[in-house]
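Provided herewith is a single structure, encoded as structure tokens, for subsequent inquiry.
Per-chain residue numbering starts at 1, and chain names A, B, C and D are given in the order in which the chains are listed.
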Amino acid sequence: MTTLKSLVATACFFCTGALAADDLPVEPTPNVVTLPSEYSKDWIFAQDLNFVEPVGGKIVVLDVAADTRNYKGAMNASLFASFTQSTTRPELYSAQTFYSRGTYGDRIDVLAIYDTATLSPVDEIILPGGKRGQTMSTRSNLVMSGNDRFAFVFNFTPAASVQIVDMVERKLLEEIQTPGCSQLYPTGDTNFAMQCAAGGMSVFEIDASGAFQKRHDTEAFNDIDDNPLFVKYARINDVAYFPTFLGDIQPIELKDGTAKPLESWSVLTPEEKAQNWRPGGWQVIDGGDTDGLFYILMHADGVEGSHKNGGSEVWVFDPETRTKVRTIPLPNWGITIAVTRGETPYLTVTNGNFELDVFNAKTGELLRTIGGGATQHAFQLFPVE
Amino acid sequence: MTTLKSLVATACFFCTGALAADDLPVEPTPNVVTLPSEYSKDWIFAQDLNFVEPVGGKIVVLDVAADTRNYKGAMNASLFASFTQSTTRPELYSAQTFYSRGTYGDRIDVLAIYDTATLSPVDEIILPGGKRGQTMSTRSNLVMSGNDRFAFVFNFTPAASVQIVDMVERKLLEEIQTPGCSQLYPTGDTNFAMQCAAGGMSVFEIDASGAFQKRHDTEAFNDIDDNPLFVKYARINDVAYFPTFLGDIQPIELKDGTAKPLESWSVLTPEEKAQNWRPGGWQVIDGGDTDGLFYILMHADGVEGSHKNGGSEVWVFDPETRTKVRTIPLPNWGITIAVTRGETPYLTVTNGNFELDVFNAKTGELLRTIGGGATQHAFQLFPVE
Amino acid sequence: MKFIDQLTEKFSRQIAMKTSRRSFLTGLGGTLIGGASIPLLPVARAAENGYPGVATQTTGNIQDPGDPSSCDYWRYCAIDGFLCSCCGGTQNACPPGTEMSPITWIGTCQNPADGKNYIISYNDCCGKSACGRCLCNRNEGDRPMVRPQANNDTNWCLGTASTSYTCSTAVILGTALE
Amino acid sequence: MKFIDQLTEKFSRQIAMKTSRRSFLTGLGGTLIGGASIPLLPVARAAENGYPGVATQTTGNIQDPGDPSSCDYWRYCAIDGFLCSCCGGTQNACPPGTEMSPITWIGTCQNPADGKNYIISYNDCCGKSACGRCLCNRNEGDRPMVRPQANNDTNWCLGTASTSYTCSTAVILGTALE
């Protein structure tokens, strides 16, 4: 059998002879697109969990502002992976799990490092012990320290712990036991806070070398039984705004390596409360746009258990004045929301068809829908920071 | 944090004390279903290629005759896997490819052995060289020898070769070069035939120890340019019925280790020919039911390139008399067909929604539709032999 | 596994014919319908008749009423995942070749036949690909990950040879003390 | 990769409004629409306006007309797979982080702008998960696997570090001799 390589060569031999001056030119191969090392703040990362085959999960890079060619590329993110981005190096990180035979065999957990320009896995740090916490994708399973040096990886076996990785040296550091605590919220240069089962937060103090020093617990403020904080939050400057199931906002100042609960308030008017408007969805809140607002996904007629139902509207608040500045009705329902960090903020919504609806966040105008199978189940969206 | 194991134990401690005589009983764990070692001939294997993530492909075992609990279980079948079944041992085989990081990293090809009762991978033979042919699933990429001892694995790199594996000893034997030939059709106890690019078939003679002896080529009979044979066929007794793009049937006697082309004939009347009825779909033909009939998936208005479009009707032929005995209209279109080998033959059709429509093959009555995500893209169906 | 928990507009269009908008929006259940791998939830008890393309089942015990292949089966009051009943297992058994997780989350569900509350253990079945059939999500009593034993966003294939999630069961541990 | 090649009833219902049954059934093209991972084909040139949820593109060269993110773009006369144009690549370039296969299959397609026949090489892009977007299948000239260089049922990620198929390009090799 003639190999196809020689067949291609033959075809090309024929054709180049026939090329006329006005023919379309022969195109070079191989030809692979590269991206800018520094991404536009109009871009987002959409994490496709791919429920039907979670080992096929991925992160899709999307330009939500462009009128065309919104899909920029993708990275693997296998088996309920975690994702985060460096703000000072042209790198993206994904903590993933692989089995030697797809879904069985030998397990390996790695923190893979992707180059922003090529989206190629350029290196990986092996995470030992098979402990990586596998959950629906949150923004708080894998985070970078405030100084962008250390990656913190949440483990759950169901014992809770955190693995510290030096991303400059690309070197595994120590594992910290974090009993009763979940999710990671950076504070200061190198510390992180966690939500804990006793109803408070705990700050884990990490020194400049990445070594754990000690744990500090706040008073309890989280009514987990009756009105719990979501683990998702909007971070604006040094304050994390956590919504609760019943529509309160619990601000936590995450500053100078501490966590300090501030006074909580409700996003609801008495009328709205009577209609049982509540936050609902997966990533129900986002913030950090250039106007310092936060966006929260709301549904009416809420009941116990409706906190993941999604919502029909996004409410936009100024957290300083605690006033609603805008309501953005969602024509296609909403499951997860994110707002981009660029000059014009774009509200991006994983809609009820698992497509992405993109709105001008300042006007509420629906600009475009990115779909066609770009992602299967984009439950989490990460704006480029 | 209390571990959940102790939490469960606590819960159980509470509850057992409260169990009254008429309460539903405590149920044992762990509890895992097993299947009979020998499957009913009313069962089929549906291969889900899962295009959106081919490493998540699988084989689903289905009882198409039952009124309920049709889904019996599943096995992995990663990255355009091949599948076949033993007829003498309680074993199923799947040739698969894995990468150490899901879609990249180190490649390993294995022929995995699944136990019929547990659907567990009980053993595997490593297939060296990274040569396994990856295609849309056919029934002829991986076959057992007539005596059920040797597995033949089709390789494509794009050089064509065949790997012989002794499935009794679970031992890799030799690799045979098969230039210009594709797909595997067993003949006799240990030989296999292939379709070859020159338009004939070649028989590869294998001795009782699994060693290759020599190759025998037939005359050319396959008009690949203008009216090629599909590589799919219906096998009834020792004759393989290959349809062609234009609706001819080319019988090949596969007997005593030889391959002998018999006289071809058309399934079409002059009227049907004028309407351009043609076979179309993926597995367009099946046979081997208890009545010795074959079933072929047909569409009208065929043109060059419509040979994979699927069909609106299944035509049922008696190959001895070359007469159409029945037409089964498909209410939901058809992509791939299979007919079970039991006393009552069931025609199973992957329909246009990628659900499975099950018909009484003798009456054409639609009995049930198996769907709900049982498979994503069941392009190939293998009746239990 | 207890991951999906969302409503889709497409589903709302399909279901809207059967149920009022209000009951739809206030519903708690969830199903995956069709071969299309779209999680379509919550269903607001709209899956009362089970999933299209999935034949109905019974337990064979009138004291254990309902259809174990339907999201509204009584034991599933806090389940989240693909129903093993639709995947080669049963309401309390894993499909062939999977491994039942020994670490579970717990719900308390009322049996309509005897009016009693039973403690239900949602043991995941692990080690094969996700089943992809009969996705069911009911979030009553679900709490955020900070209370993991009440959280259904976590992959509970823990303590098993593989953490690859296949489907979920609902096993009776006993009756609940009042 | 050139695998999908089928028509779905669901699609026929959707498309039936735009196109006659006859043209639908006799069509050659194929698309994957929606987020639902359902291959919905052939489209009988029904994808003339591209895929829902995929913004239209142009090459920027009037001598190279049409929309490279649409199945009916002239170069795709023998393509089968996810269009790289929809996946971070272009009609002749792979998406970031993938590797272009050096081993290809070839089609001959007529450029409507100059009426000339061009030899098109359908180089696959390999090494990442399948893109899942803009599945396009046109089987003109496709022949069974016994003639592999004309067969689109084969995974053509060969000669690459990984055989994991991501998407397909359509690269001009030159004009065809008549």
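Following the convention adopted for this analysis, a contact is a pair of C-beta atoms (placed from the backbone, for glycine too) under 8 Å apart; a residue touches a chain by one contact, two chains touch by 3 or more.
Computed from a predicted structure; not experimentally measured.
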Centroid-based (C-alpha) most distant chain relative to subunit D: C
Turn needed to bring subunit A onto subunit B - CA fit, degrees, nearest 5: 180
Between subunit C and subunit D, what's the gap in Å when you average each chain's C-alpha atoms? 39
Take the average of all CA coordinates in subunit A, do the same for subunit C, and state the distance between these two points in whole angstrom. 27
Between subunit A and subunit D, what's the gap in Å when you average each chain's C-alpha atoms? 32
Residues of subunit B engaged with two or more neighbouring chains: 1, 3-4, 52-53, 55-56, 76, 102-104, 121, 158, 160, 197, 353-354, 373, 376
Which positions in subunit D touch two or more other chains at once? 34-38, 103, 128-130, 132, 135, 148
For a test of understanding, state which residues of subunit C touch subunit A in their complex under the given definition. 3-12, 22, 25-28, 37-39, 42, 103, 127-130, 132, 135, 137-148, 153-155, 157-158, 161-165
List of subunit B residues in touch with subunit D within their complex: 49, 51-55, 79-80, 97, 99, 102-105, 107, 130, 133-136, 138, 156-158, 160, 181-183, 195-197, 222, 224-225, 228-231, 281-282, 299-310, 312, 332-333, 335, 351-354, 376-377, 379
What part of subunit D is in contact with subunit A in the complex they form? 32-37, 51-57, 61, 63-64, 69, 86-90, 92-100, 102-106, 111, 114, 116, 118-119, 121, 123, 125, 128-135, 148-149, 159, 169, 171-177
Subunit A - residues contacting subunit D, complex: 1-5, 7-8, 11-12, 14-20, 22-27, 29-35, 52, 56, 58, 61, 66-76, 114, 117-121, 353-355, 368-376
Touch list for subunit B against partner subunit A, complex: 1, 3-4, 50, 52-53, 55-56, 76, 78, 96, 98, 100-104, 108, 110, 112, 121, 158-160, 179-180, 197, 373, 376
